[in-house]
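Should a chain be cited, it is by its letter among A, B, C and D, assigned in written order, with residues numbered from 1 in that chain.
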């Protein structure tokens, strides 16, 4: 296929390499053209603008740092939308806002072009090793067409549906999960450290207990399927244990705002009569507050 | 060894079985004696009280539901402390408060007895399959003596130090980590679901991206070693992405208090000049607030 | 009346003075007896212990710093309960826990004595000027008997009911209100200051707009009477305005966790269909989470 | 003076009436012209567009519901900026975003016109009774010119400086203060109610203790002047009392997230060595996190 690639940063460069390696005719563009030289040596063509990279391509990828850059190369002067032919597809892999993804969907549709959001999970090393996980969404015909390209970028692909922005929702949620876990780890290390536990010891426990087990996956399944009973570990016991954490952290003088937040969630669950559901029923409490309906009894 | 075991609940029963299976002479006690019958059939003796279970034993385990039960069988009338001989050791595997663990340490020391806190990570199935992970703390001589017993319960053991209550701190922190991850998952599923993403699809992404990767382990290492630069992903980018989550969740009408909390943490980090550290530097911000010193530059 | 007074700290001393000034026969006790000398000069008797201060008294007051001190002088060796006669009343004005207040109620009842919780609102200057506001609760007969004494301490008295600990609930809630307002002011000053507004100017606005108006009283009435419609200012407008605060504070790099918290409350209200209620309907949302029933439509 | 007024809603109509009553020649515009009829009967002229209301005026006021409406009547087709003469001033009293206020400042400056942000505190009844409090900011010459008009609207005026958007920061902060107080009241009523206290009794205490006293004003002064010692009430006592609130609310099953938040703030203060400062030193903790410097010792 004739493929364009706009944005050769830490993530974009190895992704473009993967596409070139898969045998596609590649035209690249980057604000600093020097970044593209290794690709040119391997047979890629250097474009003079995003529009130029898109011109004549079946598919053009973009991988930029933020909303401002992604909007500029897509819709700005000499942007992708100007060069892309009718029926050709823009695949946006940048981590951008849901709102911008929707604007891009509309703009490309008005121009008779396709738009697929396909952000990726993984660091540059994973991109280099073709170990990214790709989440893609967009019109079915467009997703089908770019699927082989997406599959050549990583170890797997999840197709989410016809609304492109859903892929951005999922990518942002993934980053939110990591941020949440970081906060939790940050509080746990501060708490254990000030209580006299060596950080490397708590690290050993964490690696042994959490990192190599399917624990998070199983809880995620319970929430996904809204199945909170019979309780494996009752919500009221979750309240008890988090209460014990706060009590001991109070004594050690360690503020743990996330523990406070979770405790208040569990306390609300008990106060509303859900103490006997599984402690994963946080899923139901948060969903109710979001207007998605009442928890099951 | 002569071993007593007090508390034959969902966790205690399979743990006692493991000890019996490892060839130890076992005396058991449970509030409802019927729970102990399978063990008696395999050669265990049924005691008439916790004190009776402890009498003559080298080591007595206890595994109870909460502080009230653990205190009663340990220090109450006909409690473990009354029966246990000088130099013998009480191993408490219950998930109890740090404060109670300290009281038990003192009480047993006054009685010339040893005390080891050894809570376990794992569900009843893991106990049955000897796949628990044990965290133990207490005087070195006592820990050394009970080590073979603890090793026969699971797949691994982390010894934390001479203060028994540290093991409780670590056990509580482990439960806090799970609770935090649950809140994060709960919010993420509510957010993605209301945005139109099928829960089973987000589950697929989570399982593919998070559950089988060393991602949490690596971040935990960064926090444990207080190594926040060079940044793999800068704190100011963490602020950006969580801001994008909140923006889109606002539009979808999904309150995400943990995302708000994490965003305010990152915003404080940026306001104080740490925007170029790695986003795992939440570890430094939380530690500073706990009085553990300022973030590195 | 014959009155005892235990605890002559910054609050206790002026309160004892007021009682002496009202013509009662006063016996005082303080850990450091020197604090009582000015009262002795005015005719008070110095007791040798809390029990001694209580002996023969119709009523004995206690005003201590915290739970530990209050429990010691009440129930400890040579404590109030030992000296107080049957039918006489202990008035506890300390800011103590609800749980301790309940234990004191039970202990005095078992001893055939009365117990009234009567914490006060006001600083030492207010105590000196007899401008305290007293909140009292306890058995009606006991409250009636001590009422003239309570009235001589301040400018007003609210009698709350027969359960003494309710007065502690109200006193603690009052302190919580002040703490909440402080957090709000702290965030508002940081936000306005970093945006370039002089603190003295925002102070002028606050004093002009808030401090001399019945604004808080009116909102408190709406919540007390659960009357959230017709909306004076709709909940969805509350969401809008707090959203604007966060947006501008983000730009100024000021984390405002309480604003985040309130925003998430309002967002949850809108998501659940309550956007047209008055913004004081936070009262309904918080009440529902506490298990007190659903918001009105 | 020749005055235009755009936006005759619940607030705009009585404000326009005040200006007419003060003897100014008034031209009004409203999307639904019927709202302006009472003013026309009293001598006002009805304009055909915002531009028409601004044409020939010395000063034109606008009072709209939100950013969208305010931007449309100001900068849209037939907007104020089209009609207003060079040197004339636009006074915007709407509660709008800080960002829009800055855009309006720039747009009017480019057109050789003046711009003053002058949002008001007070409900429609206060507008009717000329009891509003006005906060104004903008270029000094412009503020001076419109001052008599602003003074005729209410009981007082605070002039904030040369950057118009500061007035919006202050207005938004005022609304944030009310929202915070509402959350605090909501939690306090839920807590006291579920503990058995009659809402009308807690209301009586609140009205007696808080609403008619200078308490908030004094704390605001301490924060404004960064004067946290000597402590009137030490930060560590604030931690104690909020801890007691949470303990009792836990027993009554009432989640109080704001109390948790404030507790964690105080706990962080104590952990960092500020326990002996006044509890109003929340002002210092929040300011430090915002990058405004360390707390005083």
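The definition used in the following text is that a residue touches a chain if its C-beta (ideal position, glycine included) is under 8 Å from a C-beta of that chain, and two chains touch if they have at least 3 such contacts.
Please read these numbers as outputs of a predicted model, since none were measured by experiment.
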- Task: Return the chains common to the contact lists of chain B and chain D.
- Result: A, C
- Result of counting contacting C-beta pairs for A-D and A-C, higher pair: A-D
- Please flag the chain sitting at the greatest distance from chain D, going by CA centroids. B
- Calculate how many whole Å lie between the centre of chain A and the centre of chain D, each centre taken as the average of the chain's C-alpha atoms. 38
- Task: Let me have the rounded angstrom distance from the C-alpha centre of chain A over to the C-alpha centre of chain B, please.
- Result: 29
- State, to the nearest whole Å, the distance from the C-alpha centre of chain A to the C-alpha centre of chain C. 48
- Note on the structure: Multi-chain touching residues of chain C, meaning two or more other chains, are 253-257, 261, 265, 268, 271, 289-291
- Query: What part of chain A is in contact with chain D in the complex they form?
  - Reply: 243, 250, 253-257, 260-261, 263-265, 267-268, 270-271
- Flag every residue of chain A that touches chain B in the complex, lowest number first. 66, 95-99, 121, 123, 133, 135, 156, 158, 160-161, 163, 165-166, 168-170, 172-211, 214-217, 219-221, 223-225, 232, 238, 240-242, 244-245, 247-248, 251-259, 261-262, 265-266, 279-280, 282-283, 285-287, 289-292
- Touching residues (chain side chain B, partner chain D) in the complex: 257, 268, 271-273, 288-291
